[in-house]
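The same chain A turns up in both complexes below, where it pairs with chain B and then with chain C.
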Partner chain A sequence: MPTGNLRRGNADVAPAVRSRDSGPGSSLLTSLNRIRRGGSAPSGETSWGATIAQLVVLTMVAVVFAASGVPAQYITLGVTVFIYAILASAIALLYHDGGLLSVAHGGLWGIGAYAAAVLVTKYNWQLVPVILAAALAAGIVGMSLASISTRVAGSYFIIILFAVSEVIYGVMINWNAVTNGAEGIVLATPASLFGYQISSNMQWYYVSLITLLLVLLLLQVIKRSQLGQHLRAIRDSRPLAMSVGISVARVHMASFAITGAMAGISGVYWAYLEKYVVPSQFSATASISFVVVVLLGGSAYLLGPLLGAVVVIFLPSLLHLSPLLADALIGVIFIAVILLFPEGVVGLVTWSLRLLMARTGIGRWLGPPASKTPASKTPASAARDTQEAIRRADEGRQAEEELRET
Partner chain B sequence: MNEQLLQQGFNVLSSASVYALVAIGLSVIFGLSGIINIAYGDFMTLGAYVVFVVAPGGAIAFIWGFAASALVVAVLSIVLERALFRWTLIRPVNGFLVSLGLSQIIENGVAWHFGQDSVTVKPADSANWALGGVIMSADRVIIILGTVALVVGLILFLDRTQTGTAIRAIAADREAAALMGIPVTRLVTGVFALGGLIAGLGGGFVALLQPPYPLLGAELVLKGFVVALVGGLGSVRGAVIGAVLLAFIETVLVTAGLAGWLDVIEFGAVILLLIIRPQGLARGLAHSM
Partner chain C sequence: MPALLEARDVRKQYGGVAALAGVSLDVAEGEILGVLGPNGSGKTTLFNVISGFTPPTSGSVTFLGHPIDGKRPRAIVRYGLSRSFQEAMCFRSFTVRESLALVPRARRPAASPIDPDAALRICGLDEVADLPSGDLPYGTQRKLGVALALSTGPRLLLLDEPGAGLGDDETEDLAAVIGSLPSYGISVMCIDHNLPFLLPIAHRIVVLDAGVQIYDGSPEDVAKSEAVVTAYLGSNHE
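Moving on, here comes the complex of A and B:
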């Protein structure tokens, strides 16, 4: 019958009945045990000590950088890095632990920015209530994304989130009464925090740094919490997670709400830093650049998104390239990283440092190897995974035989 | 009023032709490789700019412009598939990420070389025909007829030829197809070339429709995805149905004076549709294969 169709079914639809690893190579029993043990905990999860050490190093580097008398424009770039890193780290949690690649968080970021611009220019709110309101607004919109992620997965999910970001963008452009349309809103008033005025970029540098540290800590807490375990369990096998009583809707709602709120907070800082909010800053292109930041740095690592942001933001001014050429260059680097070093720049650095320090034991401070990144695999890790799959298949067969015998 | 509606229907049908071509190209590539090629719209931008370089004066030189643009984009697609996408076939999400990088390169490269403003391409045929009160510009007629010819040709190719059957076999089950002796990798390259051909021609059509600018493709590709999703990704006929549906809705909305909210309503409707019916509208068709 001539229909010109290419695909019979939709492999990405109805995730409830299909699972990523429900092939013959996976045994239900071992997977079940994995969930009982706390999701598929990454084999070499960063210890709290390593986490704190990395955050302390980050703080020290950031403070030294700011105090070393670099030109003022680098401080501004630094604030931008922190703002990007807050959002990118949130996206990285969804991607690495949840297997959800969100291209709508640029829009949530914009909701935060607009919340700040409107509440400050029209109602003269203080910084803390503005942050709370922005986090709430972006969090609620973010939470609604779970209604999509529970229904469709994979490619469909990515495309629909593009549509979501277009809807958010369209509302920003058309809702003139609130957003002032394509002309945007100027936000020139300095923020006031507990009676202090925050106006200089150096002040914003420290405010955003502290926020970033808190966000990174919170993300680590989430990764170790039951929510994180359930998120990974759903990522690994949706039907299995559901069969042991995990509510996909609830877990995804919580994850999207939390990461959405982080996006909103990051947007507030962005509005204050830029002093100007227009819809074009928050189009699908913005979301794409955040995905680039996340994967460039490496979504599996605590500081991966931050380093991705450093590369994307500092590269153009360090190389004195025109912004257009710099963006094109970042595209080239990004493709190279995706194809050659799927664990990102941090993964590459860690790997080479491990090679160097194999005997000294310093390497373990650098964080976990990406145990089960949704990104593609290196040949070595693919071989490991295959062995693991074979082992699991054997276990499964044994378990079946035992069952048959009894 | 009736004539005005017909006129708008005609105009929107020509832009819907372009959406249909984007959606078909995306669908064919997705069906075979599982890759969401977000750079596909930028391939069209490239095609439009090739036409601008070869035939800025329009008129009969447009034929050369079309030929050049189809050739350039098809060859580029082959090169990109061999060099980049080939390595992501096992994990299609990486193909999507690679295409993100590609689109960044193309958009910024084009903007750097040709400037960020739009360039002017003169019409291929400046004639206008009036038919029952509807004024039809020759260019738009070329676009619509060209698209219809392409779509019919593609459907016949996929359904009636042995190569088309092989392509559908790969889409259904890549491993089984390989075991039956179908040259999978060669055909994947071939389908990327086919997608490039469609993008090149589509780019030529777009250049007739509006002055090309660097971000043209970025806007086209999202609508193309919406059309493809509504029709059911991977289905050529579904893509056509989706495009016609989109054309109809756009006509109604523009007549109702909601042009500004067009994108919000369209994308919002698609989101709702896919929340309620994740398999798309044309699922029934897809199963009648």
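Moving on, here comes the complex of A and C:
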């Protein structure tokens, strides 16, 4: 009987399994993954208590802001922030939990906006049916994106979705009979909701705020559901997920349909706020600016996309910058955040809070009861321990990523 | 014994290369079948075809009477056939217990005695059950790979080099785990290069070379087969 190891040369190649995960773009993907996971990114599993608390704080800040008598133009900016945040939060679910960076959601947003413009100007629909129709249309087109995500992954997926958003733009600009081509559609009629007229921006402020709160709640429910679990499982390892019987097609179809519907609803509000829809608002550039909002704010956090939207919308206006300078500034901030704080603006805030607590000892009151921590552990040594743990985790992750790249 | 799995003249062509050039084999109920072969002989391709990860170019595969060639992995898992991978893979953002519970109860074959807790126990993962999968040492991740395939409640388990990269103690543990599976009503097809690991637990050995079987028989006689020796070491008379 022969003894010893008969292995020779490299391992067998499993083409069917490997072709999906590797490719020329894998090093770009690795860096993107690093951005998504961040230093010590949370799993996305915030407790319901923390979720509700954050939403209550958001509501209070938003209401106080609106009631404090700020100039009308800030209310308009506020509505824009909520509209952006609805869409960016949907993109963040796909990105953080699904590992899918969608640059086509700006197009789905446009489908929602055009649905509103057409249905209101031509057929005089009420707000609720308009929202349902826009969600359905954008949801169905969104669902079709799963036919791409199940076939290609990584940078190929991003590039093909870029092309899809150009196709959506092309349809908007060429389908004159419905979209009125490059001239666009003016939507000057106020919306009617259960017999009430919604026309002022203050009314839209509250309607879009309530919608944002509902969207954030729904996204949290999805994250905790089997759909959310399976979405993360596919992100972690697609072949392994398939091997335990998870259907990548079904999970991706559901995720794209839901986030597409959210994009459509956000687009309806945009059409009413702008009172004018035109294809150039919904080109691939729009999609990319939403991705910037997501990454800037931090896709791992409940309020990350919202804060990203606040920065992108309010900062240029507060600094009285021309549009060109504003874009340049956002670009510079974006690069700085990605390089220095890959968890986004929210990551920066929590990181500074943690550092502050460790330095001042406030953490002792907020952290676990003092009796449970060893007496010898000073805040400074605890901070060192944390740094050490993060460093070790980083090393492990790097080693693993190098392994994967070979 | 009735055959659990029947593969008949399975072929898989990648362009001009025949990864499988007509493989026919049976796996009987309660059997541990060892699969050997030099690198590139088609072992993993055979697993990919049987488990639905790639459709065969021609030929048929029947499992428990269901034709499964060309079916999706999800459907095949539901019939009670699951697989592990050659590479260490895990659901890094899930704990061991969470990842074993990813398969909904309703989707496991009804008759299976295996649930996530049983998979945890059989593979000796109780102690690490609540750790994140991504933090486990390599050897434990390999065991988790076996446990994940088990958690689907299979009648037939396809293990692709489960012992690769394990230390001696870990290999012994793993051999004991695999050897115990027939007692739960689970048959096994196992690829491995490590003969001292594979031969004692296997009931029968199939050797592949260049996409065809060159041996099908007892573990004791595999080293005496001239075809097998030639496949691995080359022949003198060329």
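In this section, the second predicted complex is superposed on the first by the 315 of 406 C-alpha atoms of A that agree within 3 Å, B and C clash if a C-alpha of one lies under 4 Å from a C-alpha of the other, contacts with A are read in each partner's own complex, and residues count from 1 in each chain.
Just so we're on the same page, contacts are C-beta pairs under 8 Å (C-beta built on N, C-alpha and C of every residue); 3 or more make two chains touch, one makes a residue touch a chain.
Remember, predicted model here, so these are calculated numbers, not experimental data.
Participant: In the overlay, answer first, second, both or neither for which of chain B and chain C A:L303 touches.
Facilitator: neither
Participant: Please work out whether A:L212 is in contact with chain B alone, chain C alone, both, or neither, and reply first, second, both or neither.
Facilitator: In the superposed model, A:L212 contacts neither chain B nor chain C.
Participant: For A:V268, select first, second, both or neither according to whether it touches chain B, chain C, the two together, or no partner.
Facilitator: neither
Participant: On chain A, which partner touches more residues: chain B or chain C?
Facilitator: Chain A has more residues touched by B than by the other partner.
Participant: Tell me the contact category for A:G245 with respect to chain B and chain C: first, second, both or neither.
Facilitator: After superposition on chain A, A:G245 lies in contact with chain C alone.
Participant: Contact-wise, after the overlay, does A:H230 reach chain B, chain C, both or neither (first, second, both, neither)?
Facilitator: Only chain C; A:H230 stays clear of chain B.
Participant: Which partner does A:A257 reach: the first (chain B), the second (chain C), both, or neither?
Facilitator: neither
Participant: Is A:L325 contacted by the first partner chain B, the second partner chain C, both or neither?
Facilitator: So A:L325 only meets chain B here.
Participant: Going by the contact definition given at the top, which residues of chain A touch chain B in one complex and chain C in the other?
Facilitator: 1-11, 13-14
Participant: Using the touch rule from the top, collect the residues of chain A that touch chain B in their complex.
Facilitator: Residue list for chain A touching chain B: 1-11, 13-14, 101, 147-148, 151-152, 154-156, 158-160, 162-164, 166-167, 169-171, 173-174, 284-285, 288, 291-292, 295, 322, 324-325, 327-328, 330-332, 334-335, 338-339, 342, 374-377.
Participant: In the complex, go through chain A and note every residue touching chain C.
Facilitator: These residues of chain A touch chain C: 1-17, 43, 226, 229-230, 232-233, 235-237, 239-247, 396, 400.
Participant: Spell out the part of chain C that touches chain A in their complex, as residue ranges.
Facilitator: Against chain A, chain C makes touches at 14, 36, 38-40, 43-45, 48, 51, 53-54, 72-74, 77-78, 82-86, 89-94, 98-99, 102-104, 107, 134-135, 148-149, 151-152, 161, 164, 193-196, 199, 220, 223, 232.
Participant: For chain B, which residues are in contact with chain A within the complex?
Facilitator: 27-28, 30-32, 34, 36, 38, 84, 87-88, 90-94, 96-98, 100-105, 107-109, 111-112, 154-156, 158-160, 167-168, 171-172, 215, 218, 222, 225-226, 229, 232-238, 260-261, 263-264, 267-268, 270-271, 274-275, 278-280, 283, 285-289
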